[in-house]
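Shared between the two complexes below is subunit A, which pairs with subunit B and subunit C, respectively.
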Partner chain A sequence: MTSVLRIHGLTVDVGGLRIVDGLDLDLRKGERVALVGESGSGKSMTARALLRLDPSVSVGGSVLFQGKELIGLPEKEVRKVRGSQIAMVFQDPTTALNPLQRIGEQVAEPLRLRGVGRRSAMKQAAEMLDRLGVPRAAERLGAYPHEFSGGMKQRVMLAAALITRPKVLIADEPTTALDVRVQEQVLTLIEQLAAEEGIAVLLITHDLGIVAGFADRVAVMYAGRKVEENSVDAFFAGPSHPYGKGLLASVPRVDRALTERLDTVPGVPAKPSARPAGCAFHPRCAAAIDRCRTDAPVLLTIGTGQAACHLIEEGALRC
Partner chain B sequence: MLTADGLTKRYGRFTAIEDISFTLHAGEVLGLVGESGSGKSTTVRCLVGLTKPDAGQVRYAGPKFRRGVQMVFQDPYASLNPRMTVAEIVGEGLLVHGIEKSSAGRRSRVGGLLEQVGLDKSDMDRYPRSFSGGQRQRIAIARAIAVEPKVLICDEPVSALDVSVQAQVVNVLRDMKLELGLSILFIAHDLAVVRYLCDRLVVLDGGRIAETGTREQIYANPRAPYTKSLLAAVPVPDPAAERLRRSAR
Partner chain C sequence: MTTLAVPRFLPVFKIPLLDRIAYPATAVFVLIALVGPWIAPHDPYQVDLNQALLAPGAGHWLGTDSAGRDILSRLLAGARTTVLSSVVVTVGAAVVGIVVAAVAALGGRVVDEVVMRVCDIFLSIPGMILALGVAAALGPSLRSTIIALVVALWPAFARLVRAVLRETMASTYVESARTLGVPPGRLMLRHVLPNSLDSLYVQAALDVSGVIVLMSGLSFLGVGAQPPSADWGAMVADGREYVTTAWWVATVPGLAITLTAVVFGLFGDALRVRLDPTLGD
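This part shows the complex of A and B:
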């Protein structure tokens, strides 16, 4: 399968701090990949850097979109890709939509910017909203965002993102602000549309529960680096990296017998401003050895995936 | 310990909650669950007196409501005064309620409280900004338990936290219940977290009680269709189970 998006050695620096440090990630046509991490892991900055949303942020490495290098491209050229070829939806549909602009105009805007006539753009907006399950879509083009619920607003966001038939959709915590039942509906809609149109989806999230139901592959970030990547089946059957193991174990689940206490990962997530030397996870790792405190581990191939951990290399950890 | 009796609150023509009745018993953790708009927040506001209900009343069985009922809020970045040190934040209640008048005595009490919630004594002279979300939430718990309350009301206390840290805070709350015999009203929308902590549940739907029951009954055998659909939508970190569930819809 061909890669639509090939990220290699991506670095993101903000105010002299390295937030993302050499990330590699491949997105194939129609594939759904989850980028998982806690706050400060660099997952959202990765998403924003791919689309160059923050002009003050310095982005390095390589991002190939259908073979075309995006890093170093002038803003004018980036604009041809952003939104129309690579689209994005954000966590909070309430702040992402313009409260003073009618729904129809906001959904149709990406088409209007590309020179599509108003009548045709509005017709397509109605069709897209309809596909995303907005009831009486054609009649509601004139409504304002405040007339919609959170779940309906997120559908409007998705319609605006998908109306140009992008090749890649970056969804940054798209359902975090929604109730679970609505969350499930929205994820199912993204899944269906992506499958029908062959759109590759990069889902940025901290919620392993939704990853299991949505993604084909999962990459785990910690302190700006990818520490593990695998197929969802392999990852959820047993993560390779101690952080992945700890993260999965600390998820409360309704499908397991109750235990006395929840498993936890001790300590707090590493901050980019105080990145521990060696493996950034070592202060929280119960099995850390001397090497973990000094040398940064590299990603090794393990089974169907990859993990960056000295303990695995030394055979000290069961995978 | 704390009883809501027929609480009703209307805003104009909109009924936020209607006839909400439940009792938080001594030493139990009661979960108040529901989706956004279900009336959780209005119920809590009525319970602590921030909103006056149109009908119904709140009864508290312990002494001194203002000391006996303490709260932990959702957003640990907004609930701690950034200009106060941890010692001042946690010790304030001890001073206000005249529990510990000497400053040295307060410092020693604060040190003990911090250790109780898994923080270090030496953290007490730092300001909230140097703590992560999970640590701040523990500071908020230390502040709440400092005045030896009978009831702790926790309003979505782990919703804003990272998964690995959320588990730490849930365990601290569980310890507080067991060690201090606290009665805890735990307001949450995450049914997986609620299951770990709560002995009984009150399920709210559209401002009314959909169902009340023990943890065992609600999770194994939910009666209300609303509870069933909420439980069915809780994602589980198991790809095979998720595929099965989705294909069943």
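This part shows the complex of A and C:
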């Protein structure tokens, strides 16, 4: 299968600090990939860097979109990619819509920007809202965002993002602000549309429950680096990296007693300003050996995936 | 919170009442400014030296000035110059301020820095002195005072609007519009500006009040509307010589200036209470 988006050696520097350090990630047509990690691991910065949303941030490495290099493109060219080729939806739908503009206009705007006539754009907006399960979509084009609930707003956001039939959808914690039932609905909608239109989805999240239900593949980030990547089935069957194991162990489970203490990953995430030498995770790793404190591990292929850990090489960690 | 926003010793200024006073009063003053010349009982420019310096009474309700002209008629005629030019000045300064602020907000760090330091230079000169200088340089006339006051007042608007624009630009919906490929100009006009103007309306309404005083001040000093045109500031200047013998000549237009400034000030306050969610109950 061909890659729609091929990220290679992506680096993001903010004010002299390296937030993302050499990330590799492939997104194939119609594939759903989850990028997980704790707050500050660089997952959101990765998403923003792909669309170059922050002009003050310096982005390096290579991002190939359908074979076209995005890094180094002038802002004007990047703008053509935004929305029409790579779309993005944000965490909080309640603040992501312009409060003074009608729903229809906001959904139709990406089309209008690309020269589609008003009537045709509005018609397509109504169709897209309808597909996303907004009731009486055609009548509600004239409504304002405050007349919609959070879940409906997220559908409006998705409609605006998907109306130009992009090849890639980046969803940055798209369901964090929604209640669980609505989360499920929204994710199902994304899944359906992505399947029907062959859209590749990059889901940024820290919710492993969502990952398990939604993604085909998962990449785990720690301190700006990818430490593990695998198919969802393989990852949930048994992560290779100690950090992945820790994350999975700290998810609450229905098959355990409520009185049982949840496992946690001890310590706090490494700050970009004080990243430990060697493996950035070693101060929090129970199994760390001497080599972890001095050498940075590289990604090794294991089974269907990859992991960056010395213990795997040493055979000290079973996978 | 409410008790802090509304002084207890002024029960009159409870919010609904403020609305009830401010909006109709403003409407009345604007109406007078619009129709003033037509409802004047006498010709405001009719000189009649036999009737000079008459005290307020039956024939001339607010008395006459040194040339025997009816002061009430002159007030009504002058309302147009004073109130409407103040509105023109405020709108002009606000528009210039918005354009400058939008350029600063879109232009990146260097443009922003340069524009805002220019604003600082303007703001460092007292408004009245700057306006007086510009008006004098352009030659005394109503047009000069309008231009002079716009020159003196735009930096305050530019600074205010820039601060609000920056805040709005950081909001998620602007970011979200950007990810959909909206170019900067359209982003500013359709998403940022419409969501930023609330505080500008308040500032503009409050400023009209100050501009009325400033304009009258410039006329009083002789760089504004020229005789014989009926201008409140010029009328006060005319009556100055007779303050001890014919008090009404200077006092009546002076009171008109004060009253108009107060009414527009109340209007600005009422608008602020309405538009600022952190105020009021």
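Methods note: the second predicted complex is superposed on the first by the 314 of 319 C-alpha atoms of A that agree within 3 Å, B and C clash if a C-alpha of one lies under 4 Å from a C-alpha of the other, contacts with A are read in each partner's own complex, and residues count from 1 in each chain.
In the analysis below, a contact is a pair of C-beta atoms (placed from the backbone, for glycine too) under 8 Å apart; a residue touches a chain by one contact, two chains touch by 3 or more.
This is a predicted model, so every value here is computed, not measured.
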item	value
Contacts of A:Thr304 with subunit B and subunit C, given as first, second, both or neither	neither
Partner chain(s) touched by A:Met157 [first = subunit B, second = subunit C, both, neither]	second
Which superposed partner A:Thr294 touches (first subunit B, second subunit C, both, neither)	neither
Which superposed partner A:Val251 touches (first subunit B, second subunit C, both, neither)	first
Touch count on subunit A, higher of subunit B and subunit C	B
Partner chain(s) touched by A:Gly83 [first = subunit B, second = subunit C, both, neither]	second
Subunit B versus subunit C as contact partner of A:Gln192, first or second or both or neither	neither
First (subunit B), second (subunit C), both or neither touched by A:Ile210	first
Intersection of the subunit A residues that touch subunit B with those that touch subunit C	none
Of all residues in subunit A, those that touch subunit C in their complex	51, 53, 55, 79-84, 87-90, 92, 95-101, 109-110, 113, 157, 160-161
Residues of subunit C touching subunit A in the complex	108, 171-183, 186, 190-191, 194-195
Touching residues (chain side subunit A, partner subunit B) in the complex	38-39, 150, 179-181, 183-184, 188, 206-213, 232-233, 236, 246-248, 250-255, 258, 261-266, 268-269
Subunit B residues touching subunit A - in the complex, by the definition given at the top	35-36, 132-135, 162-168, 170-171, 174, 189-193, 195-196, 219, 229-231, 233-243, 245-246, 249
